Amino acid sequence: MILFQCDYNEGAHEKILERLIQTNMEQTDGYGMDPYCASAARKIKERCQVPEADVHFLVGGTQTNVTVISAILKPWQGVISASSGHIHVHETGAVEACGHKVLAIPSEDGKITGAQVEALYQGHIHDESAEHTVQPGMVYISNPTELGTIYSLAELTDLSQACRRNGLILFMDGARLGYGLTAKGNDLTFESIAKLCDVFYIGGTKVGALFGEAVVITNPSIQKDFRYMIKQKGGMLAKGRLLGIQFDTLFTDDLYLTIAAQANCLADHLREAFAEAGYPFLIETTTNQIFVIMPDDQLAELKKNYGFCYQQRMDETHSAVRFCTSWATKSENVTKLIEDVCNLKA
Amino acid sequence: MILFQCDYNEGAHEKILERLIQTNMEQTDGYGMDPYCASAARKIKERCQVPEADVHFLVGGTQTNVTVISAILKPWQGVISASSGHIHVHETGAVEACGHKVLAIPSEDGKITGAQVEALYQGHIHDESAEHTVQPGMVYISNPTELGTIYSLAELTDLSQACRRNGLILFMDGARLGYGLTAKGNDLTFESIAKLCDVFYIGGTKVGALFGEAVVITNPSIQKDFRYMIKQKGGMLAKGRLLGIQFDTLFTDDLYLTIAAQANCLADHLREAFAEAGYPFLIETTTNQIFVIMPDDQLAELKKNYGFCYQQRMDETHSAVRFCTSWATKSENVTKLIEDVCNLKA
Amino acid sequence: MILFQCDYNEGAHEKILERLIQTNMEQTDGYGMDPYCASAARKIKERCQVPEADVHFLVGGTQTNVTVISAILKPWQGVISASSGHIHVHETGAVEACGHKVLAIPSEDGKITGAQVEALYQGHIHDESAEHTVQPGMVYISNPTELGTIYSLAELTDLSQACRRNGLILFMDGARLGYGLTAKGNDLTFESIAKLCDVFYIGGTKVGALFGEAVVITNPSIQKDFRYMIKQKGGMLAKGRLLGIQFDTLFTDDLYLTIAAQANCLADHLREAFAEAGYPFLIETTTNQIFVIMPDDQLAELKKNYGFCYQQRMDETHSAVRFCTSWATKSENVTKLIEDVCNLKA
Amino acid sequence: MILFQCDYNEGAHEKILERLIQTNMEQTDGYGMDPYCASAARKIKERCQVPEADVHFLVGGTQTNVTVISAILKPWQGVISASSGHIHVHETGAVEACGHKVLAIPSEDGKITGAQVEALYQGHIHDESAEHTVQPGMVYISNPTELGTIYSLAELTDLSQACRRNGLILFMDGARLGYGLTAKGNDLTFESIAKLCDVFYIGGTKVGALFGEAVVITNPSIQKDFRYMIKQKGGMLAKGRLLGIQFDTLFTDDLYLTIAAQANCLADHLREAFAEAGYPFLIETTTNQIFVIMPDDQLAELKKNYGFCYQQRMDETHSAVRFCTSWATKSENVTKLIEDVCNLKA
């Protein structure tokens, strides 16, 4: 079986493993107070050109989303999200479990716009009985989105301005950020994201690390006491250096973007193969996630040798499924899949 | 500097690292649905002789405590704990953040008794306005405790009976369980703990793993839907196999207890050295934590070369501090510390 | 100014005031342990023919919804509601503040169907990664709905069966129950509601009381310890007898339904007047809420003398507004409004 | 039976009932946006000489405590309270249910001192791993306390200064404030409390109202958006004017303090009678709560004709019990009890 079902089917990039082995018996302070975390934070701040930012390392995405969101919101505030947002549909109500409503905005492509945010917020504050409804307090976006799409610089600027005009915090979930920043047509950078967002995280779990997400808080008004929240929400890793070592490695010689670019390259090959074979896509993407629509019988055939993700039913005989590449995807596996796809008839 | 300040200053046991390296590029399903987690769970159930138990793997202790406690309690219930319990003093209110009061019972040695639990529960239900106070729903104990002490089989049996008589769930936090089970004078076993507790966890982070805690739920009435809670509380590791691989290794050839016994052995040497040098202890322990009382000036001297933990002030010139050994402690470091202690005058 | 904007613009029915005055200086136990609460509960259980039910009295609707919902759900469960449901849009995230997601189902008329509930629940449990999403645990409906519509016996039976097939608790918010049970075309009764729902409440605030909602829990599996939850959620009134006295009065000689029927009767007159004057309705209702669509300039004219509620914009020059009657509405005020409506031209 | 068990055994002061009757069929806006609430707020601000304060009206004490505390604290903060504080022992964990730990300070007389608060806060911030423990964010006191004692001006000033030095919000629960301000030896006033506290509430339920507590927020930094919190926590009464009318009446011609003074006067008589009869007190009080120690057999005798509250066992044959007077206590009932007490032998 060859798995394309997600970008966390393997372990870690070899350079990370090497560093973990080298440092294994060193003694360091716990809870992220070690030199590796300090070094990794420094490198990330330099890379994003935000020397005044705070950088924290957490273990996983749901934990990170919950910690950031619940640290920032007032108890009567909610977080705006695309209806397809991870926090709205795939975190078992983790945000609500911390007391906050997710204010879902309809979205076809996983993205939301400044105009949507503006309309929702203005609608709220002009409601005569505003206090009977949840006050929007921040905006959550993922980039790339859960549907593999990415925000352009213009779109993110627009969203950022809408947030700042209305006093809303803008938070970007970058679980797959590497795949976004190295996608064809992308014009965002670490620097522009750091400028336009109040807080964002750089995903390690899906881009070369065993696990780990680096939260970058650029807005000084939300930096205070964040470590209390990490501890309370269960995200303060005893051997915190494991996170520092991994991110220090990923941010040495731009390893993070290099390996993400490779994954995108393989995804591009695969995408072209599907297109040439005549299969339509559920949505156009340029990142490592491909949502292709295929006949159910052909999917059943493919399933004998490949792992992929069921996305949704399209009609009685067709479904959309997701194929993912990652930093760990072997080129020969993509080649093999392409051959098999070519042998099928769309 | 030689660190004795905690049992998570180093990485992982070499056998664990080896397994992680060997398996690194294997492809497996995420979220704990891989063969390694299955194998580790099987081994733990066999070791504890509880074939019907559920075993889940989480990343850290606070996360585990919160997930277990909030999965079990009704919203109006609280959890009984020693006043020194980790959940009461060192988790930034994580249990309260999930809505539950910690009902603290005074304790000198970190342990609580069946009689205390019985009295608290009976006092509650016989209160005319019981519903104005938090209903005790479960009992949390740590073994070894935060003060390094351990429960005897008689004590745990007593506590278990008090819980069962009163319909209370008994939960053991075994963050340092290995050091308890291999301590001098211990008469508990995995089997007896599994029989007497409704749920407990076997700590990996402090006993040889990079990270990881194995939750064993023996009471079938609290097994249902636990994975929802893991996900919601941010504890469902994407590359869940990392936990499976580690616990599979720790439960092969009893590695877990073997390395814990070594740490205890070194702690025994160190303890004897302190005793022979005439230093009193804050509390008598037989596990890997030593709480010794020393003059502040001597502590200042020791601090130049050794890391240890400040525990509490005893009088104007003396303090209690904690020295920890672990699976990773080097015997030569203990020897060196013993020499230095002998050179001081108590 | 004559107010038609809601059904809580006045105080209480005169019979209630009289009873409050008569009993004012009597001494009784607090917190609902008085003879008046006991008597009221008995009368309600008789009226609903559910001798084994538990009846509790709370002060207001949001409080009641939150107390019931959070008492019943497991932490990883959510509550299904129409997208227009009060708990979803008008309680400032009170349910989420207790940790639970509201799973909103699209609805045009404020109602949801058994088929919708079935589809949502089956979709959840057949999801391969169900534990990554909120588990539906109960269904919330309001009757009459926020849009003034009512469930038929067939519809409620259908919904009840869907719930029972899927292990979901069915909860009816009856803030305006009186107006539903006495509406033209209604075929539900206290008895049928008690049979088909697991828990429901009979609204007093909007039907003759100063304040107060009577929760009836018919499903024995959710009766235990409910008073703890009332206290914790701030709903246990010190002078609980005030609630008992009011509901005892409302359930003497069917006062509750009698006064509701009067309000509906006045609403019918008003509705006919709007219809005859040629105004369309946002939605067809037979209860005390009328949602009529009028030109903005005519609304501005009416606003000089009447209070009513803005509902939504229909187009550039028309809006839908809500007129409410209640147990306290004076017939002469309705007559006056009808005259003014007739003088306008639709 | 004559009840002395609490100060909420009767209804409301006759002047309040009269006003409720007079205004019953008036039409007003809901949710506290009516002229009566505005007038009552104005009178309270004048009485306290805090024109810039915000005044809100809630229904009951637990609700008020929870709403105030959870509106102010950050998620990682807790509230300091005497170990006997109402929020710690008698609210079914309502504060914890909103996510916050109650940081209990030992207290013999129900009061806490500035020095205690200072020590706790300084201990926290100087802890090397402060973020592993709950951050103190505010101080909760009750005045009179649950034990009937009162703070002196010097004590409250001391506490206020400790809070301000350490950035802690000071919140006074004034459920029985009237009985405190009119007690013998009291030197606090509405004005001094308003100056020294950041937020406090004036209890109506126990001092003449059917129900109701008036929250006065003097610190502008915690005033914003408080109505959202009232709504979310279920405290926004639909017919909010009921609260306005009651407090407007209580703050007309100082009715609030006048009726409280009468209750204290009767309590003084009763207290003297106990003292003269030779009974010791659990604690010395000057307010409407008397904690007297009596032989169990005499208590059994008294219980045939009087209601009072069991407080605690003193020894095998003696218990402490509580007798309360209130604004509604009839002087002849006190006389009768005094006679019966005199006939017993201490």
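Here the chain labels run A, B, C and D in written order, and each chain numbers its own residues starting at 1.
Rule of thumb we're sticking to: a contact is a pair of C-beta atoms (placed from the backbone, for glycine too) under 8 Å apart; a residue touches a chain by one contact, two chains touch by 3 or more.
As the structure is a prediction and not an experimental result, all values here were calculated from the model.
Put simply, the chain farthest from subunit B by mean CA position is C. Between the Cα centres of subunit A and subunit C there is a gap of 42 Å.
Look at where the CA atoms of subunit A average out and do the same for subunit B: the two points lie 33 Å apart.
Per-chain CA centroids place subunit B at a distance of 50 Å from subunit C.
Among the residues of subunit C, those touching two or more other chains are numbered 75-76, 91-93, 97-99, 129, 131-132, 135, 228-229, 231-232, 236.
Taken as a contact graph, with one node per protein chain and an edge wherever two chains touch, the assembly is complete, since every chain touches every other chain. Residue ranges of subunit A in contact with subunit B, taken from their complex: 1-3, 5-6, 8-12, 14, 17, 20-21, 23-30, 59-64, 66-67, 91-94, 97-98, 205-206, 210-211, 228-229, 231-239, 242, 307, 328. Those residues of subunit C that touch subunit A in the complex are listed here as 75-76, 78, 89-93, 96-102, 128-129, 131-135, 310.
By the touch criterion stated above, subunit B contacts subunit C in their complex at residues 31, 70-71, 74-76, 98-99, 129-132, 135, 225, 227-232, 236.
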